[in-house]
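Below is one structure. I have some questions about it.
Naming follows writing order (A, B and C), and every chain is counted from residue 1.
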Amino acid sequence: MPPVLEVRNITKRFPGVLANDQVSFTLEPGEIHAFLGENGAGKSTLMNILYGLYQPDEGEIIINGEQVALHSPLDAISRGLGMVHQHFMLIPTVTVAENVMLGKEITRGPLLDRATASKRIRDLSEQYGLAIPPDALVEDLPVGVQQRVEIVKALYRGADILILDEPTAVLTPQEAEDLFKVIFSLRDQGKAIIFISHKLKEVRRIADRITVLRRGRVVGSADPQTATEAQLATMMVGREVVLKVEKGQAHPGQVVLSVQYLTVIDDRGTLAVDQLSLEVFAGEVLGIAGVQGNGQSELVEAITGLRSAISGSVRLLGKEVTNTASRVLYEAGMGHIPEDRHRHGMVTSYSIADNMVLSTYYNDPFAKGWVLNSAAINTNAATLVEKFDVRTPSIETPAGKLSGGNQQKVVVAREFSRPLKLLIAAQPTRGIDVGSIEFIHKGIVRQRDEGTGVLLVSAELDEILALADRIAVMFKGKIIAMLPAVQATREGLGLLMAGVTNQQSVTPAPDDLDFAIAASPDAGANAPEPPQAPV
Amino acid sequence: MSRAPATTPSRAAIDWRNVFFSVLVPILAIFTALLIGAGIIWATGANVAAAYTGLFSGAFGGVQAISNTLVEATPFMFAGLAVAVGFKCGLFNIGAEGQLAMGAISAAVAGFAITGLPTFIHLPLALVIGALGGAFWGAIPGFLRARTGAHEVIVTIMMNYIAIRLTDYLIKGPLRDRNASAPRTPNILESAQLPLLLGPEYRLHAGFLIAVIMAFFINWLLNRTTTGFEIGTVGANPGAARYAGISITRNFVLAMSMSGALAGLAGAVTVLGVERNLKASFSAGYGFDSIAVALLAKSNPIGIIPAAIFWGALRNGAGLMQLQSGISINLINIIQALVIVFVAAPDIIRLIYRIPKTGDQQAVFTRGWGS
Amino acid sequence: MKPFFNRFRVVGLVGIVFAALLFWLVAQQVPWEAFSTLRITYPGARPVDPPLLDIPLPTLITVLIISLGLIVGGIYTMLRQQAQLIPWYVGSIIFATMFTILIWASVERRVDIVDMFARMVRLATPIALGAMAGILCERSGIVNIAIEGLMLTGACVGFIIALLAGNPWVGILGAMAAGGAIVMLHALLSIRFKTDQIISGTVINILAVGATGFMRTAIILPLQAQGNTGASLPILPIPLLSQIPILGPILFTHQPIAYAMLLLVPILTVLLFRTPWGLRTRSIGENPRAADTMGIDVIRMRYMNVFLAGLIAGLAGAWLSLEATFNFDDLMTNGRGFIALAAMIFGNWMPFGALGGAMLFSFSDALQIKIQSFDFALPPQFIQMLPYIITIVVLAGVVGRTRAPAAVGKPYEK
């Protein structure tokens, strides 16, 4: 059988970057072809070229034996390509049916024919086992279902080739399993699938063929049956990766952070954190695992003073600090690496020097009374740039011009530059290069060894497993399990992250340190009366 | 880790290449607008040369003309600074008009109602009261924006209309000078008058000096103090400001109060330096012109000095232009609008004159209804 | 702990205090035995004709009932704490206040309320049309605060064309063309040059003030001096329908642009929510990239919708110079373009909601005009402030419970 898609010598340059360099591959019908590579390896660029969003500088694309030029997504769609983007391309405020038919509407006269559209969608979702409600608003659907809407969008347009860009990034392990079933069903009905990921395990699990990209080049292919994870990792990164962070035994001290029956609502007014309790001890890393959107962000915001809790209490070093201003918390010894460095962590238009004093600018020596002291601010920045290996042309460079990893190092450097008792690290290595990840991980462990209590929130299970001394699993606003890291397994945590608590392997074992807060109703029975505020 | 040439300037150093490019665009914008203005003059059949020489000599031909230009420029300087302070905090203050009116009426009341004080107390007092009047009027939209999310653009415009009605009521009602035929407030006392700088035959008053000093002060405040750091952080990234423990509400109110106070001073110096009283038909279009001045200066406080003088020159020279060529004074408004079209969209100028892009992009930014 | 004063409690409390103050204020001025009479006239009746109905109301007791109603509403809002209650409560406070002022001002007088409501619809025309223009732009992701300037330009050019042609109908076309032409500058600046859209809109407002001022002195005044005149658009009562009591005068006895507004609101609703064009428009305002990947030309659609909005804003301007009067004055829009945006926000970017918002403002305008002829305790300037104060109250009370299109104000880059 001829390949449905053949890509020959694709090259794409951006100013200063060679995103794709002579990339070639083929795709057979009924095949799952996985592309493995780090962030920035050129996977997304390649897929955007296939989908007509970028034009290649060199090279050719052959679909069903015919050389084609794809100038727009419309061209790609008409050639039978469909793409499920990492960030969903959905309109949250309109219905599933409207989302699916957008751009290729079914009409009766001048008006939209929603009934026929719904029927088409129901038929499609039955054929491939997708189960989506055509008349629901997309914003009301869980992430996994939204992703299936994306798949139906492609199928509705008659796609034979489906590109899935990091599809499991936002899913629970169980949702990912469901997705894999859908992918297998699509393959069995003759669709060709390109599956992009940087996760070794799932690629080995579902791919028929693996192509590894590094720095815009194809560095090799592998057979998922025979290649080991270590081999794939080496191909992907180009050197032996230290998958484990060197760290010794934790020596937990007294309680630095104590959260009791904390309840927080999110921006839309729904309950995000539900009567949650936890404690962080000096000299340990408590890792909070969980799929994104289970209240982790709101929990962190409530602890750090960025969002007010509606009931419950937060104590820092034994002092009541519920709903206290962030500045007071910082001055009491809290550090915070926020989950979104662009939204919270830095001002991209400010220089590195200014970002390094973003929360301390008013203190001596950075300010003398009302007046800023440029010399002290610059000295501080020069020292931290040196110490944290921030790669920058100068301390005057606007932070926005640095790479993601270096930006994150600026944030980390600033937080670590104060004496800390408690460090809240939310997604501290999201979207940055391996070198910076290693550096930041080491920094966090060093903080722990110096006696700081660390609360680590991460969606990356590997990060949690590498850093945490104790692991709490957060699901729907509650901590549903708390266990020592040594007892944790990927599989067990995966199930817990999906809300499955009645398993043998990770039964929470309460003792003096590793207590469990079960989601049972009597957990809050002998609690101090939480003030009732209507939600 | 060597210093790269094209980074934004630090607090201390001046990057002359950047200064050159940031001045080049406004100058070319003015040039292009005047060129189009010439086209309009030509189309209406008037004499372009006569119009523009009239405009120039009306603005700068002799000490009297220059004095009048600077008098015209003074309120624009204050009001332009007002808008610039708002921009720094990410707020778009279209309400200079109303704040100016409130400042004018407050200063007028302080000028005629408080008696028996020597100049060195009465004059500063009247200025401060004028500034407070404007600050109060500016603080309201700042507070509403911070607490309720009501967008300051619409609220400040509504506050303009309310201020105009309110001053109209006050001038025609409780504050009216019963001895004057036209509705106006009583004249301010001599002890509250701003001294004339060039003697009685010229109108140039000390308000101009205060405006220039204020520009340097605001520049220092915004760039070298913790207050400026806070306002700038809130303006550039409110999320980061919250994270850094900087209160958004406080800085929104503070920035809008400062902005209002500056606009109030524009009104106060006009009453205390030029008009000596407040008439019913007092303010005309300062609100929008102040935005134009701030944009022309790219919201840089020092840049506002030449920008305001240019604006004052256009206004002051317009009379002679009309006299010499018969073209309507309103042509000036079109030229002014074109200038800010080109300043607001520098890419147009870059396109026309093939200027390369420099490091700094948008000097000012505002936010939509959402956040 | 969560602060006691959440939005609901603040709004409720403000409403309750306000209602009590309102009653107290009226009670200071009006004796208990005073009556106000609301009159309902026959369609087309002259002032001397007998009324269809006279409703005598004991002034102070009515105000008391209104205040008590507002207090109950306030308590309800504080207790129920539902997001959708706030626009309703804020809206009723405003209407109740205006109604109170109306009967307060008409103590021992008769007020023709059918006429008031007819006037409300008429005066809502430019605001509602401006709001429709705003909805078109913002639903496509473009903030348009230039509506004020577009209306002004439309009014000016429309009037010039009408003077030249001697026919107001031709003037309407001129006004729409002018709105469409000027708005393309905003489109160009904000779509092509990615200028901050609020700045770009402000620039156009300034340009409009300058250009219309210039055109008035350079074209309109000379034309009028040469004796060019004309008449405003005629009232076209719809046969039969206009004879229905109450509804006839309110809805079916209007001039053409008012009818156009009344038609445009439902048409735009259907277009936005029931047609492919509407679906695409809403998607480019919410997530332009998603629309782009589905083959929708985001840039082209934005240009098109902004252009259509310009035509509508021009029509709104024509109302000022060709329908309300036959004249053009400097700055004659008087903030209506900005009020239109407030109406749009009040109506949650929905055409009918925006019409409701427009009516809120136009009723206060109608009230102010009505009361000006009365000898009334409040100075006229304060009554004139009403629409502007209401705009602020509406924005402060409603924003946050409404939801702007997600991508509004952000330039789209491929």
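FYI, a contact is a pair of C-beta atoms (placed from the backbone, for glycine too) under 8 Å apart; a residue touches a chain by one contact, two chains touch by 3 or more.
Note that the structure is a prediction, hence the values are computed from the model and not measured.
Chain contacts here are complete: no pair of chains fails to touch.
When each chain is reduced to the average of its Cα atoms, A sits farthest from chain C.
Centroids of chain B and chain C (each the mean of its C-alpha atoms) stand 30 Å apart. With centres taken as mean Cα positions, chain C sits 45 Å from chain A.
Separating the CA-averaged centres of chain A and chain B is a span of 47 Å. Along chain B, no residue makes contact with two or more other chains. Residue positions 406 of chain C each touch two or more of the other chains.
Those residues of chain A that touch chain B in the shared complex are 304-306, 325-328, 330, 336, 338, 340, 343-351, 353-354, 358-359, 361-362, 367, 370-372, 374, 378, 385, 392-394, 396-398, 401.
Chain A makes touch with chain C in their complex at residues 51, 53, 72-74, 77, 83, 85, 88-94, 98, 101-105, 107, 110-112, 153, 269, 308-311, 322-323, 531, 533-534. On chain B, the positions that touch chain C within their shared complex are 44, 92, 94, 144, 148-151, 153-155, 157-159, 161-162, 165-166, 168-169, 173, 285, 288, 291-292, 295, 328-338, 340-341, 344-345, 347-348, 362, 364-370.
Every residue of chain B that touches chain A in the complex is listed here, in rising order: 1-4, 7-12, 224-229, 232-233, 236-237, 239-240, 242-245. Interface of chain C with chain B (complex): residues 143, 145, 185, 189, 193-200, 202-203, 205-207, 209-211, 213-214, 216-218, 334-335, 338, 341-342, 345, 379, 381-382, 384-385, 388-389, 391-392, 395-397, 399-400, 404, 406, 408-410.
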